[in-house]
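Quick one: structure below, then a few questions.
Going by the order they are written in, the chains are A, B, C, D and E; count residues from 1 in each one.
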């Protein structure tokens, strides 16, 4: 490494938590490293839940989270005297994907999605869905369902938004910890459907197609404009960075978190997320500076 | 401790006396094969090499039918090598190479068209250490019958073979138990039964009693003498008393893979032609 | 020399003897680490599993046919689909590795020249040393496309999905070939030549010697190799996590997606389940189940070995 | 008795058709065995070719010497010229893996050889010894992911080492310990008893005998066993995944402070494979090539040692 | 082939004649230990068991100083077992158990307070198969010196030991090359050098020449006779001529672990008391 020697900052920063948010934090860390090569940053992806366990035991400095901290976790943090600051750093869109040769289904309503995915769903073939669309004839072929695994925040969010409760989902979908596997699954079967981070779609546009979502306001595809303007509903969500207040006493750590907020809008787009609006970023900055002022 | 004290017990040999006159010492180079009544195996100028090392050097020998021929000599002189070259077991040693001629009933066994597997069906073998298969006693004896497709009336043949090997009485009730559960001496008799079951013509034995205790040894010796009534037996031994006791003919190999003397056993032990043989037999070395 | 009394006692200044005793305890401690490891594994697994089984009945766990522990409103905890998935992979892998490995062992032990053996054996052993994650990629990028190419074209072969048990079983089978072949080859080579000679002496052909003498005589070693390979297949993780998919289901079709116990553990271990949730605790229940399964295999293997130990020396 | 029982005087019929039939069968069988051997070799070649083809063009010197990047263009050699940062690579994970293996080697050497010495040279033939040996055999069959759970619970949590280099190394040590012990035992057992007797006969103590005679003789075998086990450990993903190896590090861990976070090659490869951009599959393949190279080098060293010290020349 | 032909060459033995009168046959139960000039090792009613099998049964023997005592007998009769019980090498066999008394200079070596390691430093041992360490010739001989902390002037001691073992001349230039590169006979002399280097009092030899060729054997035999000028030598051999040639005293063990006769070698070979010994010696069995 031949750059970043000029920086006087040095130290060690440990980031853990969500697998989903990991690429964004890793990219911010990467950029920061090139300017401050004496700061040693490690980014791990134990998952949001496991990450909070460590975070609340004072073992990590920053926690990537694809959901907000829950009560049990907050209690644990309190028990261990870990104070934290929640920063909203990126927006994620969940895309519903289909095979490129699927020319019958371009858009689904939230109700249809719910019928397809809910626990005990009676939808087995595409033809089971076309009764609400009298002038269309969908093939009588079995649908293959792909999605993120039950251990992911993505799964929690999708099931809650579409089917009304976390974990309310049909038994026979294939839940994968790796969104690439979902893409592979959908790509391999003309009758497949899958959900996963929208960023993965844009990296694989040749292999899979999007299904637009109709939330009562017409069909909307997850694109930068629709998500950043929050018109792609209900499958867009914010993701969070939890900052351990105690660590803000360290100069290199403060520098890194500031750097994070400065860069996250750009890095988000590089790794398949969407930028939070400028106003949000500004308010997060204020939150951070207040907190720093409180600590130092 | 001399051979006199333990003169070969040739009384039980039917053919022993007739053969007496056919004795030939290879030391003088005359090869009296024509004078031997029924030569089964004849070797002519047989050399065997392991890689570059010569283990046998120009062996000429004529082994008579239905007699016991003993091969003696110090360790490493090539006795086992000669024995193995009779039924082409040397084929199994990668680096072994054979020159010269070894014929069985007049047919050179090293000819192109001889299948060693077929040859070994005529020439059975018993090894130094008893080596029963880890199978039942019955299956051990039946093995040869089965691979040779002689599978009619196996039961009867197995019993006959065990009988001839003087083992039947001892194992009659346990034919299904493992051959490995027998004592060393019994194991060796089992191996003999296994070798004779498919009814070969010749039986080769490589120090069959050297791993056994004296009692088991004497049983094997008795057996060898009996076998010679029906089979041609070639036996390697390092025990000179043993050779003197059981054999009709004795071949003395000495270091370097030379056959120094081959004659009637009585002659060899009482009045050998070669001084080196005399030295060897009287224990001056070896 | 003999008149002066001699001292044969353990004198205190004999460093050797003291070092001897110290060494003994140190080495015993090393050996005891393995016992401690087993105790720790059992303790860790049982502790987590107790929490799990206080919420889930063991009967439901062992007999249920549906595994969706993280479903919020109506979770079900039937481990059978995961066990079934594991068995499919194991049986499939064994169907490949056992015949291929055994025949390879016979070739190496009975037919190959020492030169060939000294090259081929370590080369094959590389297969067992390749990281399992690599096998996962190999399955996805090489085996599955081949299967998909065959599917539909070859009669009776259904169209395989992107993730399917067959591809995973094939790579796991390849991975354990050397366990079967090397250990069996060792067993066959240790059959003393005297047995081979005995058979050749009776007029047996090489084929007969190999199959009727060497193979039966080394059977206990060969069976032990099978069991070892099978327990490795049961515990195989990354290859199946990548290639077999993540859908716990009881299907008879090997071209469908399944999930194994190990793959589920990876899913939970890398996922977002919060520690203490029932989903997270299920990790230990599955781990315990897996441990018990491989434990039983090992007991079986030891039994086979002691029962059928080769008795020749 | 006067006429031979089986021979006819016309000569001897050697060519039996039965034998010829069996020989044909034997040839068929040999073909089968040879084919089986080829299956393993072909699979190995296919796997290597598949990976190398995927990695072609992505494996550069920079790939070995730079930290990883989240942006796939950074790995493409054609872009190296105009990057805001530096090229992407595997460097911290390579160093991490090497440190991990060095620590594992140190722990394993002491524990494994110590335990083997105890069991072979000191242990009386009693129940405890048999129990320890059976336990070791059993541990060798425990799936690696279970060791991951053990490491997580005991080292990371109970002993508070965190997801550190030392936790990873200790977990891998426990994982390979049973194999190392068994192989070291075999090497010790292969030292002829006549060597020990010679030493005792000259008045050496047990420890002197072990140190001066037994160990030097057994070292090649022990080293081979340890290296081969380590080459397995270096590719293990599941246990270090469970222990919580870092997915992304920009600097290598410090060997002087093994309590810090670390990343390792299989972990980094696994992460790359999960990233959205399809080209990351090439990056992962390049990582696999590096990992396999390290692994094959270790195997080669082991084979070299085995052959160089092979008593048969 | 009789013992007469190869009378023991006692001429070189200084003490041989004086000892003649002390001969004692244990067959008659009288234990004449007091009559032996300098008893080094005495065994009294010594039994050795391997598990449940008894390998030695009530052995009484008194081994005199600076003479060669030969132990002969058929295979499995317990010769090696007796030898190993002298320096407690049997301790290394888990299932071996010793009853009775074996004393070295009057001290029972099986007493609680005796350290077998210390004992073995007084009683060196040479084994059947040459077993040099895979180290250099020098290190082989120096080994005993080093483990016994006699590391002053090692170089000189090594040379002396090699000299005494009649090997120095042959290996003088290659002290650094491996002991395994020597021929079998040289290896065995190396083992003897290794055993005598730390200057023990007694040397036990278990068939030291049985794996060697005749030439090497005769060198070892010469060496044994010379060693007896300084050391007490106890030697097991299965070769009766060898026992007759080199020993002063001979103990004949027979199957079952019994010591049947122990007397001057001349006496044993010319006129043994026991018929069984006579049978054995004249080759009636074994």
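Heads up, the rule we're going with is that a contact is a pair of C-beta atoms (placed from the backbone, for glycine too) under 8 Å apart; a residue touches a chain by one contact, two chains touch by 3 or more.
By chain, UniProt protein names: B, E = Phosphate ABC transporter ATP-binding protein; C = Phosphate transport system permease protein; D = Phosphate transport system permease protein PstA.
Everything quoted here is computed from the prediction, not taken from an experiment.
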item	value
Neighbouring chains shared between chain C and chain D, ordered by label	A, B, E
Chains in simultaneous contact with chain B and chain D	C, E
Most distant chain from chain C by Cα centroid	E
Dominant interface by contact count, named by its two chains	C-D
Distance from chain E to chain A - Cα centre to Cα centre, in angstrom	85
Gap in Å, rounded to a whole number, between the CA centres of chain C and chain A	37
Chain centre separation in whole Å, for chain E relative to chain C (CA means)	53
Chain D residues counted as touching two or more neighbouring chains	19, 22-23, 204-205, 208, 273
Residues within chain E bordering two or more other chains	117-118, 147
For chain C, residues that touch 2 or more chains besides their own	16-17, 205, 208, 242, 266, 270
Inter-chain touch pairs (all)	A-C, A-D, B-C, B-D, B-E, C-D, C-E, D-E
Complex contacts: residues of chain B adjacent to chain E	1-3, 5-6, 74-76, 213-214, 217-218, 241, 281-283, 285-286
Residues of chain C defined as touching chain A within the complex	66, 68-75, 140, 148, 161-163, 241-242, 245-247, 249, 257, 266-268, 270-277, 279-280
Interfacial residue positions of chain D with respect to chain A in the complex	66-71, 84-86, 162-163, 244-251, 260-263, 271, 273-278
Parts of chain D lying in touch with chain E, wherever the complex brings them together	124-125, 192, 194-205, 208, 212-213, 216-217
Residue ranges of chain B touching chain C (in the complex, touch as defined)	87, 89, 92, 94, 117-121, 124-127, 129, 131-135, 143-144, 147-148, 178, 180, 191, 194-195, 198, 204
